[in-house]
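The following blocks contain the structures, represented as structure tokens.
Next come two complexes built around subunit A: one with subunit B, the other with subunit C.
After this line comes the complex of A and B, so read on.
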């Protein structure tokens, strides 16, 4: 899956550009994200274009989360579509990830302190 | 009197629930909508009911069969054909259905009701018939007053004070609407109406027959008598009806089960230790279901027969279809769930099967691997991504 990155106030915003994050591309995405998951990185994943996430996709996101946490960084999610949000809430992932409605709110959460 | 229940539609706006059920078979707790309609017709003296079927016709025909169990005679007008050993739908429209039956046997030889198979009503049909006859009507419909700001969802009926219909407006804006009384899809026709419907062509009551009646100046009347109308047009409507049913608010529906604790009703052969669960009523649990210790049920909830709620599962203001397994990792909130899908009360669907989420929701009859704890699940998901 393609993605773009930009840095805002020391936070790296990754905008995912594919519509589906699933068994066909989850592993590849994880590999492609390795440079972004630098030690101590503060990350926001903008999920606006993503329409469908399956178990593999969840696993890829969890893997990213674990990796940044273990190096002292953080990863937050934002701009989730309704169906993806419903999935996250169904499996209680919204307790594991910090999920914000908008990119601004996600960025602000970093400024507001740990 | 006789009746026709329209049961041939595909119910596309209530997907995914209608993926495997035609709309009239959508259950309200333990009984399909259509059963409530059949009972209501019977209560008002109707003894012969025809149902036009097409999409998933077997679901309707196999449940109601000849109607004897329901105290009426039921017959079907199947709209479709068999090709290569399976049934293919070929619906002919709501008016086409009437014409097809009339051409088949002349069944409609006395005034007959026509009801949409996807709305629950408690209209006094006897009074409706009296109104129809008193006006010398050839066709009548039951209308209801709605708030003006909502008229855009309906077919507005413009009628004189005595009920004579002048015309219709389909989904008008609140400003353009010439009245706030709307068509509820409950009709009463004289047999002569069938002569106005052409044979062998798709024909619709609201879109074609009614404008034709108005054009001809036929005695066509609207009854304005308040009644309960629960129209299940989309998923949100269905969810609201299920909630209402759990508090006794749906005509003809009582909450099933025996009350074993205040607000908790269970059917036979249910395995549950209420003291080991968190339960807030009203909750009803169908026969043979399993509610494991440490499950949480926050009502209004209905759990279908044979369902399984694993330890740690949370079902909050939700409705679980029969034979659904809800895993320990799952939190259903204001949703309707089966082994194949979960749809929120706002109509957002999670395709369980497609998303590889059988560890979240599955069929209780299928073999499964229990997840011992959340950590194990997270590990499994991460592994899954690595293997993809």
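After this line comes the complex of A and C, so read on.
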């Protein structure tokens, strides 16, 4: 799964490009994201284009979250589709991740906290 | 446990109206149940047979009183150990024993005037319940007949293979067989009545010199008949000392003793039959172990293009049928089926040796060729024949076999036939079955025989059936053979089934044809089916064990959901199925690519039902504990998700080793 990154006010916005994050590409994505997960990084994952995530995809996101948390950074999700949101709720991960409806809301949460 | 109470059932009439005669029958069967070690497996039902009424299946009919006929039937709590035929035979034996017992009671009533005789019969009845060997009991019966008087001689003659042979005797040493048609015996048998003769001259005139009582002065000769077997034998008692002869009471006593002797011999025969069948069961068990371990190769995992199944039922003696399969990396499959002439362990070992030689020939020929090339079936067979053929000629044994190579990609069959029954080829396009047969001789007939392969084109949906002659030579009770024609018809009718389904249908049809007739030969067959490609029915999809096929599966799943595809329900189904397939690939196939996973939809108005089938051997979706929801762990959610989404998740294993997971979810929110 490809992704693009841009930096807005010190926050790295990662836009996932591709409709599916499942067992077929979760491992590769985790490897590809390593450079982005710098110590103390402030991250927003924009999930707008992602229409399907399975437990392997979720595992990749969780792994990123833990890595960022351990180095004092943060990872927030936004623009999540209905089906993906349902998965997060099913396994209660909406309580672990900070999830925002829009990319702006996610960015604002960083400046409010800062 | 009192079996007369707990195991027997009296017909559901008012107990008061049950005739005493029927109660006696039920009681008799109950006693037998109690005295047999296997009695607790069985139960008895019985009833009266109305005039013109038909006998219930497997029941025996017994005269319980003048003009009163009853039936009795055994049933088993463990039907797998007691086939209907065995139960019917046992019931028949007990029915005969009952009839004989009844006759004895009648005789005893008549004999009541003679206390001494009555006492003798009571003692013997007690003996019958004891565990004496049959020979001892028969000798004791004869001892009673002569009241252990040294001047008297006695013999029990029993019919076997058309002659009368001595089975037990007292004060006598006699071993010749006697013709039941001549002399005093002939007279006694043809008139079916007891004879009492007095005086040397009279006996000498009517008898023949080889009868043991030749030269005696008094003789009583009593025929023994049983309801089921007609003439059973004779009891003879005689003396040489001119003392007064035998009266009619004595003859009645001999008749009663004769019935008891018949009872003992018959019950002994029945017991032996039971023991024999137990011994046979053991032998079959050992035979089947040898077959499964040494001779019958396991089918490789099914590929996307080819289904394989085999079936091997050993007969009562170990045979040398063998099967082997070699899967090539490109999906081509070689199969081998063979049959060693002869039976027993030597045949089984020869079967194993032949298999080994062919495997070795395959390896040797492969080494000679440059890498990537595969030796042709005829090269393999000629090489193996050179190695083992001469030995087989020396041993005067021969082996028929068929080596077939099925290339499902090139759709080509290459086959070498070494005197084996025809391979049957069902052609899906024409609907016809073509027998494929070469003209090679069996291994071991002619040293130096050259084998030539034949070829045939295969199409999707085609089936191949290879079998040993045990299948076509299975006999029914009329000794007719099942034959290639019936097998061909079965293949044509069952061509829509899977390879495993075809074999199970062949088994059922042959067993039905044979009835009670046991298999005389090993029953071995192997079926292959070329899977139809791209022509998957709408309700079914086959994907391969790699994660890149998940999208294809989800696409297919959406198509089965129609209007629900874009709904929340559709999202859940796609997620649930993805988790299941990922589990199959990860834990079933250990992420080895190229294995098939078949998914089938059988929705109805109320619920969505999916079947996910794999050939990954025994594994089950782990029943892992509740996942950790704190975010400390990446995995462990898959099974939880599956169980949350589907209301029912049921795993079954089919006979041919598939895992079939049934997933269902109701349509309502």
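Brief remarks follow.
Basically, the second predicted complex is superposed on the first by the 113 of 114 C-alpha atoms of A that agree within 3 Å, B and C clash if a C-alpha of one lies under 4 Å from a C-alpha of the other, contacts with A are read in each partner's own complex, and residues count from 1 in each chain.
Assume a contact is a pair of C-beta atoms (placed from the backbone, for glycine too) under 8 Å apart; a residue touches a chain by one contact, two chains touch by 3 or more.
None of these values were measured; they are calculated from a predicted model.
After superposition onto subunit A, partners subunit B and subunit C are found to clash with each other. Look at A:11: by the touch rule set out above, it reaches neither subunit B nor subunit C. Looking at the shared chain after the overlay, A:75 reaches neither subunit B nor subunit C.
In the superposition on chain A, contact is made by A:24 with both subunit B and subunit C. By the touch criterion stated above, A:66 is placed in contact with subunit B and with subunit C alike.
Using the contact criterion defined above for the overlaid structures, shared-chain residue A:56 touches subunit B and also reaches subunit C. By the touch criterion defined above, A:96 reaches both subunit B and subunit C. In the superposition on chain A, A:83 makes contact with both subunit B and subunit C. In the overlay built on chain A, none of the stretches 92-100, 182-190, 416-424 or 560-568 of subunit C clash with subunit B except 560-568.
When the two complexes are laid over each other on chain A, subunit A has residues 22-25, 52, 54-56, 58-60, 62-63, 66, 82-83, 86-87, 90-92, 96 in contact with both subunit B and subunit C.
Residue ranges of subunit A in contact with subunit C, taken from their complex: 20, 22-25, 52, 54-56, 58-60, 62-63, 65-66, 82-83, 86-87, 90-93, 95-97. Partner subunit A is touched in their complex by these residues of subunit C: 546-548, 550-551, 554, 568, 571-572, 574-575, 578-579, 582, 585-586, 627, 629-635, 637-638, 640-641, 644-645. In the complex of the two chains, the subunit A residues touching subunit B come out as 22-27, 30, 52-60, 62-63, 66, 82-83, 85-87, 89-92, 96. On the side of subunit B, the complex with subunit A involves touching residues 329-333, 335, 342, 344, 346, 348-350, 354-357, 359-360, 374, 378, 380-388.
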